[in-house]
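Given below, in the form of structure tokens, are the structures.
Next, two complexes with subunit A in common: one pairs it with subunit B, the other with subunit C.
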Partner chain A sequence: MKKVVAFLKKSVVFENSALVLMLGLCPLLAVSKSMTDGILFGVCAVFVLVSSGVIISLITKLIPDKIKTAVCMVTAAFFVAVAELLLHAFLPDVFDSLGIYLPLLTVSGIAFKNAETAEKALVGTAALTGLATGTGYFALLVVMSFIRELFGNGTLFGMRIFSEDYAALVLLSPAGALLLFGFILALFKKLISYLKEKEEN
Partner chain B sequence: MSILSIISISLCAIFAENAVFSQLFGMTLFTKKSGSIRSAAGTGVAVAVSMAALSVVSWFLDFALISPLGLEYLRTVTLVLTAVCLSGLTDVALRKKAPELIEKMGISLPLVTVNTATLGAMLVTSVSGYNMIEALVYGLFSGAGFLAAITLFAAIRERLEYSDIPKWLEGLPITFITAGLVALAFMGFRGISFM
Partner chain C sequence: MKLPKINLPSLSKEQKTELLKTSLILAAVCVSAALVLSGLFALLSAKIDRNATADMLAVMPRIFPADKYEPVEFEFEEASGVTSIYGAVTDGELLGYCVSAVSKDYDGEIELAVAVDKENKVMAVEILSISGAAGIGVKVDDEKFLGQFAGKGGKITAVKGAVRNDSDITVISGATASSNAACDAVNHAVAAVSQLEAEKAKEGAAS
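Right, the complex of A and B next:
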């Protein structure tokens, strides 16, 4: 149990794929405009990471070394296509507003990094790694989309919290996403150094 | 198709819909490689060339394969597979014919040329209904936009190293905040309606 907690802590906080390794930034910054989009994109990301990790760790012995990159990316693309079709069928509005950013998850580095770890791991570990990586990414998506939707538009899940006149519209633009990410990164660095100090003592 | 539409596509691709600052394509690569002008220019050229080439390939795939056969649901898989295979083949060819070029750039080609910037350009040309010339122009100027963005930003970062930054913002946070400010400036090209 302790091992699992330490593992989760490491991959969710200390090696957070977006905040520490700078992976998967393009879709993260682009889709976090509203809570609904952010959360559903996060769910898709977890689904893609877990299932592609499991498949790759199962077939890793069958793949020649030279085409490993291609196989990893195509596996991720396959599960992204599954997620796309499901969204298209059941939540067409979200599918439209995610647009081309859902397919971009395939090549955004986060899936590739996950596949590289999964190659060397057993199926269970691969699934757990995918879950932990995805959770870290998901948490960041929720935080970013909460701030951006609430303060940029004055709504949450489309419900109005305060008047549009007081909203900082810039938060909804790409520029706002970059600025916000910069400040979140600064706070996160503080948090990491605090946690490390606490662990050492 | 008129000359006017070509001009409008090219201006739109390079300024109003700049790959980095308004579409956020290739952010990971953009952050990692913009440390010095040299590495930024190398990466920028590699990405720009592959964006131009792959946009045309993507138009061709859509024209010859995806649209006539009704394979829209396989678009992602097809485009990713094509991009990975083509850049892998280019890597092999370059290593055979011009090993010193690869050495000079110091990069692994498939990892640099298959990213959110190239796949983004491919997806845009694939779904936008451009014809071949328009796809080529879009790819070329979108790539030029990426190259310009990453090189200019590397110059800013080199100057940032000598400036006095609050301690808690040092390193990556200030990089993103600067990128945000540059993106704010790029918003000027689209007018006020960025929504």
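Right, the complex of A and C next:
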């Protein structure tokens, strides 16, 4: 159990795929305009990472080395397509606003790195890695979309919190997203170095 | 003409088997993924189709009260932006049309439902969907702005400040691009209906 917690801590915080490895930034910046989109995209990411991780680690022994990358891509694309179809059928509004960014998850570095780890891991570890990577990404999506929707539009989950006259529209634009990401990154680096120092002492 | 000779690497029997095996595995993986996906799509496609028309069906009774709405087959150019046309029918008589049309916004698209009567005048307009930066486009979803379209026909122009002509509407300040987009979509809808009516008249004259 202790091992699992340490593992989660390591991959959610110290090796956060977006904040440390800078993977999957394009969808992150694009879909974090509203809480609903951000959370659902995060859920899709977790779903894709966990299920493709499990499948890849199950079939990896049957796959020759030469085509491993191709099979990994097909697996990731498969689960993205499943998520896409389900969203299209049951949450069409969210499907429309996620647009191209959901299919982009297939070719984002997050899926690749996850697949690479899963190749060499047992099923349990692969699932846990997917979950941890996904959770780290999910957490960042929630933070970003919370700040962007609240301060950029004055709403949360579409409910008005304060008048839009006081909202900073720039936060809703891609440039605003990049700026915000920069600030979050700076804070995160500070936090990491603080945590590391604490651990050493 | 002599074809250049291609030197294929000579493969031993084991290498050939290996190559064949690899290709077969890759093909098997792709085919099975595709099969599962097409099965899932077959399950869900009816629901997806219903979603596509659900918005329009919900909006139409508000903008054009009628007994029933019949989808109209149409062939317009892609560029016209018209996505669907319904004839509004009451007591077996065609009263007018509901048209959905899209137009490019500042950084996305705006889709409108437009009710047009048989005299080619706009009756009411409602927003179906707005994509793009949330804060800007949604300003157009305003009764005062959309109300301006009612009773207008022909080519409507969006102007800044006071209107000069009958066919003018005032843009929303701070959302000029979105206002223009909405105006374009309404124009597309009106143009589509007049084209439809013209074709009908031609057919009527011919028969």
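The working rule: the second predicted complex is superposed on the first by the 201 of 201 C-alpha atoms of A that agree within 3 Å, B and C clash if a C-alpha of one lies under 4 Å from a C-alpha of the other, contacts with A are read in each partner's own complex, and residues count from 1 in each chain.
Please note the rule applied: contacts are C-beta pairs under 8 Å (C-beta built on N, C-alpha and C of every residue); 3 or more make two chains touch, one makes a residue touch a chain.
Just so it is clear, the model here is predicted, and its values are computed rather than measured.
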{"item": "First (subunit B), second (subunit C), both or neither touched by A:Ser34", "value": "second"}
{"item": "Contacts of A:Ala167 with subunit B and subunit C, given as first, second, both or neither", "value": "second"}
{"item": "Touching partner for A:Val143 - first (subunit B), second (subunit C), both, neither", "value": "neither"}
{"item": "Touched partner set for A:Leu86, first subunit B, second subunit C, both or neither", "value": "second"}
{"item": "Contacts of A:Ser97 with subunit B and subunit C, given as first, second, both or neither", "value": "second"}
{"item": "Contact breadth on subunit A, by residue count: subunit C or subunit B", "value": "B"}
{"item": "Subunit B versus subunit C as contact partner of A:Gly24, first or second or both or neither", "value": "first"}
{"item": "Touching partner for A:Ala121 - first (subunit B), second (subunit C), both, neither", "value": "neither"}
{"item": "Touching partner for A:Val74 - first (subunit B), second (subunit C), both, neither", "value": "both"}
{"item": "Subunit B versus subunit C as contact partner of A:Leu185, first or second or both or neither", "value": "first"}
{"item": "Contacts on subunit A seen with subunit B and repeated with subunit C across the two complexes", "value": "67, 70, 74, 77-78, 81, 85, 169, 172-173"}
{"item": "Contacting residues of subunit B [partner subunit A, same complex]", "value": "21-28, 31-32, 73-77, 79-81, 83-85, 88, 110-111, 114-116, 118-120, 123-124, 127, 168-169, 171-177, 179-181, 183-184, 186-187, 194-195"}
{"item": "Footprint of subunit C on subunit A - complex, ascending", "value": "33-34, 59, 62-64, 66-67, 70-71, 74-75, 77-78, 81-82, 85-86, 88-90, 92, 96-97, 99, 152-153, 164, 167, 169, 172-173"}
{"item": "Touching residues on subunit C, where the partner in the complex is subunit A", "value": "18, 21-22, 25-26, 29-30, 33, 36-37, 40-41, 44, 47-48, 51-52, 54, 129, 131, 133-136"}
{"item": "Residues of subunit A defined as touching subunit B within the complex", "value": "22-27, 29-30, 67, 69-70, 73-74, 76-78, 80-81, 84-85, 100, 103-104, 106-109, 169-170, 172-183, 185-186, 189-190"}
